[in-house]
């Protein structure tokens, strides 16, 4: 495993900001998040609120909105009830439930500014609370408008990586390869790839990082798929390595993709990693693209993970 | 056709991400989209929804909004009818159609929060459904607000390319040229052009890509028009080529323009291509700009495509 | 005027995209717009609408909104009148003006979704038109919301340039200088300056462009003011020039400033130009900054244009 | 203090735009703002309004909204009262206070478009004012929507710097170090650091700036913390310096961090500075990260400032 025996201090540019002593598991999860837990932060962090509301799942977000709507109406209904329902002009019954529900629905009609008017304030006190509630309603829905737009317009890369990396024949030698497609209809251009190898140095028991040279690290247009290739030549840290070596060294290929979204004029980053267990040796990717009868290139996106055995 | 006989593997940087085996037709359409079809994707793709709603035509978008409005009201009208119109205070008639339309318009008045009140809930059940509907209405219009803004504020480059490229005299030799203007009033600056030639190699029957050197590949300001020039000197892959050669090799000039929109602080990309059929040999562009009587430069945008014969 | 006699073809990078034959007046106006008029465009250009609505003056924008509100209400009032005011429940009088105004204000109450209900639809036809109008109202105000936000959040550089450039003593020789400040409270960083000299070549009667080397072309932070200096050394195209020479050659210094707005995370560009008439020879800028009693640097923004005579 | 005795004119690139004659205090405050006061600006500056409304504290912003709501209603109430409350259909009493409050609450119900209708216009004059008010209400809440979204979506870096810099042992020599963490859950990538030393030159009594070379000036990923190191080798301007020297020279380490926010696709800058008083000599940072039992890296954010004595 000589090629992996490099100086114990990473060279400038080779450090990924992951530190030199990560744990036994993977540093970067398949979805690109880091395998890091942050402790000692205050429980409530106001500056996380927007981030949470923007990134949480859609159903959870709508559920929160609905719960907030119910809670606000319940709160104002309690205020109206404590003032007394005789402060209202209303056609409804005088039972306890009738009064409670009338207060609740008057609140809802005020908060949403629908204001039918069949229940309406009779006293100035109720008018004042209702004015406050309608202001609160407008501001809340202003907030919801902003959040919904923020959720929608946030850059959503839909780059899908092949499930496995492969070590396959490449121009007389072999190469480490993976591929990815853009699942969205938006145009990605100026796509750049960076691949780093992280591995445990058996001698010093520390983790090391090497940036792997690529056959090509940038493409201008990205209409179909891109197979990123690290040629395993003599200078490669993978030269002479086997499947078993890589597993023993707890190797991890860390992938960073950068692109420009032409439709929304935004830079987009996506990360993933391949552990030694996720690399198929002596396999190659099957072609994904062919010509349709009408001369249009056809890309079969569901063939992204398709590989076949290849003798090296 | 010697200058086109290059090594069969594209050099790094020459690959446009279009793959080396595109079909017989053009790779890039005139409007800059790729001639690629993606298969194997699920029919419904949630992540495409925002993209579709933002990029579809304006009338289609408004039509969808209107249909959604009708459908939502029809749905809630059905709920109100199933509860029974005797749960409403309403001045209307008791015919079947009267009841249906009253339910529909009560729904519309609730969804839009206009809430006149001449039709109003009599029972708590109707009040509850109406509260839900007004909440839904506010959120829907919040969404519509975000979408309308997203549609409006999306970068819209209005670069218009000349219909044809030309091969015209240029400083004693000839050059391949095309030109373009910015049709919008916004200021584009730091405009960059990249031109690649894609052609079929007769010997190996594969497509090759060459980046063409330009007389100038970037201009700082872009007040009028820009004629991009690839000088056909001895080193040019077009040296010694004829109109017939180009057509036979199914040549395609792929153009990528990058600019910065000064008004909206956004990077803008636009693509197009010229096939061999779209290149006029021994023609040159007529001037588009002249001085007005008041010393102001006048650019005649509708002269963009104007060419005239030129002896080489 | 030897130093200005350069080869008649601008070097790559020296061309600003202004063409080599601008008219007698200035190429770039003081406010940074180009002195160019575009002809031959269609009268109505949909793609300019958003741009116009975002960049027009605030009062004009509000005026347009108000006129649109009046016109829409007038239109719907006409529809309601043609249906007949007997299709409404309303307390108002039966005079012609009463009916017209009731129709107008019912429209206004529907468009804004205020919906008091003292005027309300009696027939289904009016209900249908009113439902349409309230939908239109919501969408229109959604648009207005987006436009107001777009107007507000658009990058607004408030760089103010000194009214004059000066030719002042500089390290034993002289230099062409101008200065500018940021009038806003936002932080500009990574500020870059590019200065080009455009002049009429007396021999060939064409305009030429030279990029002027600067003492410093970028500063990282921009807390106060920046005096940009082109040292007039022997290599400078201004070496040996006089005020009269510059005027005769219709010289124009074209300035392009690029910066990053730290507060809103946007790149900002601003342009201006100094004609020969706007250059003061043998003047220098008075200092704008001094220390306050409390150790804080004090910048007197209104001293931006202050110069004083300086013997060269 | 020889290494600090550099030529009195800063080299290009070393100037931070702070000028060469700052006062006795610090140039950059701990929160990254500049220690500069701008005079001579007009009292009211429209172009600052958006900036102020976006950057002011949340409670102050909500307070302003509430005051604006009260003031607008008071204004319109005054208009309605001057027209006369007999122009309204209303159930309320005829006392002076009753009429005033009815006018106020009718205004509130119009401005928020809640429009119950129990108070409604009887005359056309009141209808006209109410139509104007509801238009104003919608536009105001459109503005509020935009402002709330602008406040939320503004890039908020939550980089927290260590309270002190340290001079600690580093690879056989010593180094000036500080560290920082990202307190937010968003991913920062391509993080760059620039550190400049500002100090008073005893001989010429002017302030000078030197950019300090760093062990590493950029990291690709930033999952935990980053300790920035300036090695104090022989070429360092700090070579041979002591705590006392630095204080006497009023030294200030000015730090500029640039990063890309992966979640919101925005460039983020943050600044801070360390004065000589804020540098601990012969101290080093305690580790912040360790492995959890489950192999996840655990970072203790509240240990950011923890240092311990270190013999050099």
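Going by the order they are written in, the chains are A, B, C and D; count residues from 1 in each one.
By definition in this document, a contact is a pair of C-beta atoms (placed from the backbone, for glycine too) under 8 Å apart; a residue touches a chain by one contact, two chains touch by 3 or more.
None of these values were measured; they are calculated from a predicted model.
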From the options B-D, A-C or A-D, the pair that copies A-B, where over half of the contact pairs coincide: A-D
Classification of the chain C:chain D interface as same or different, half of numbers criterion: different
Chain whose mean Cα position lies farthest from chain C: A
Contact-richer chain pair (by C-beta pairs counted) among B-D and B-C: B-C
Equivalent-chain rotation between chain D and chain A, CA atoms, steps of 5 degrees: 90
Separation of chain B from chain C, taking each centre as the mean of its C-alpha atoms, in whole Å: 26
Inter-centroid spacing, chain D versus chain B (mean Cα positions, whole Å): 37
Residue numbers of chain C (touch at least two other chains): 109, 113-117, 145, 149
Of chain C, residues touching chain A in the complex: 113, 115-117, 145
Residues of chain B defined as touching chain C within the complex: 65-66, 69, 73, 91, 98, 101, 105, 108-109, 112-118, 141, 144-145, 148-149, 152-153, 156, 158, 183-187, 189, 191, 215-216, 218-224, 226, 260, 262-265, 289, 291-292, 294-303
Interface residues, chain B side, partner chain A - complex: 12-13, 15-19, 21-25, 27, 33-41, 45, 47-48, 50-52, 54-55, 89, 109-110, 113-117, 120-122, 124, 127-128, 130-131, 134-135, 137-139, 142-143, 145-147, 149-150, 154-155, 194, 256, 266-269, 271
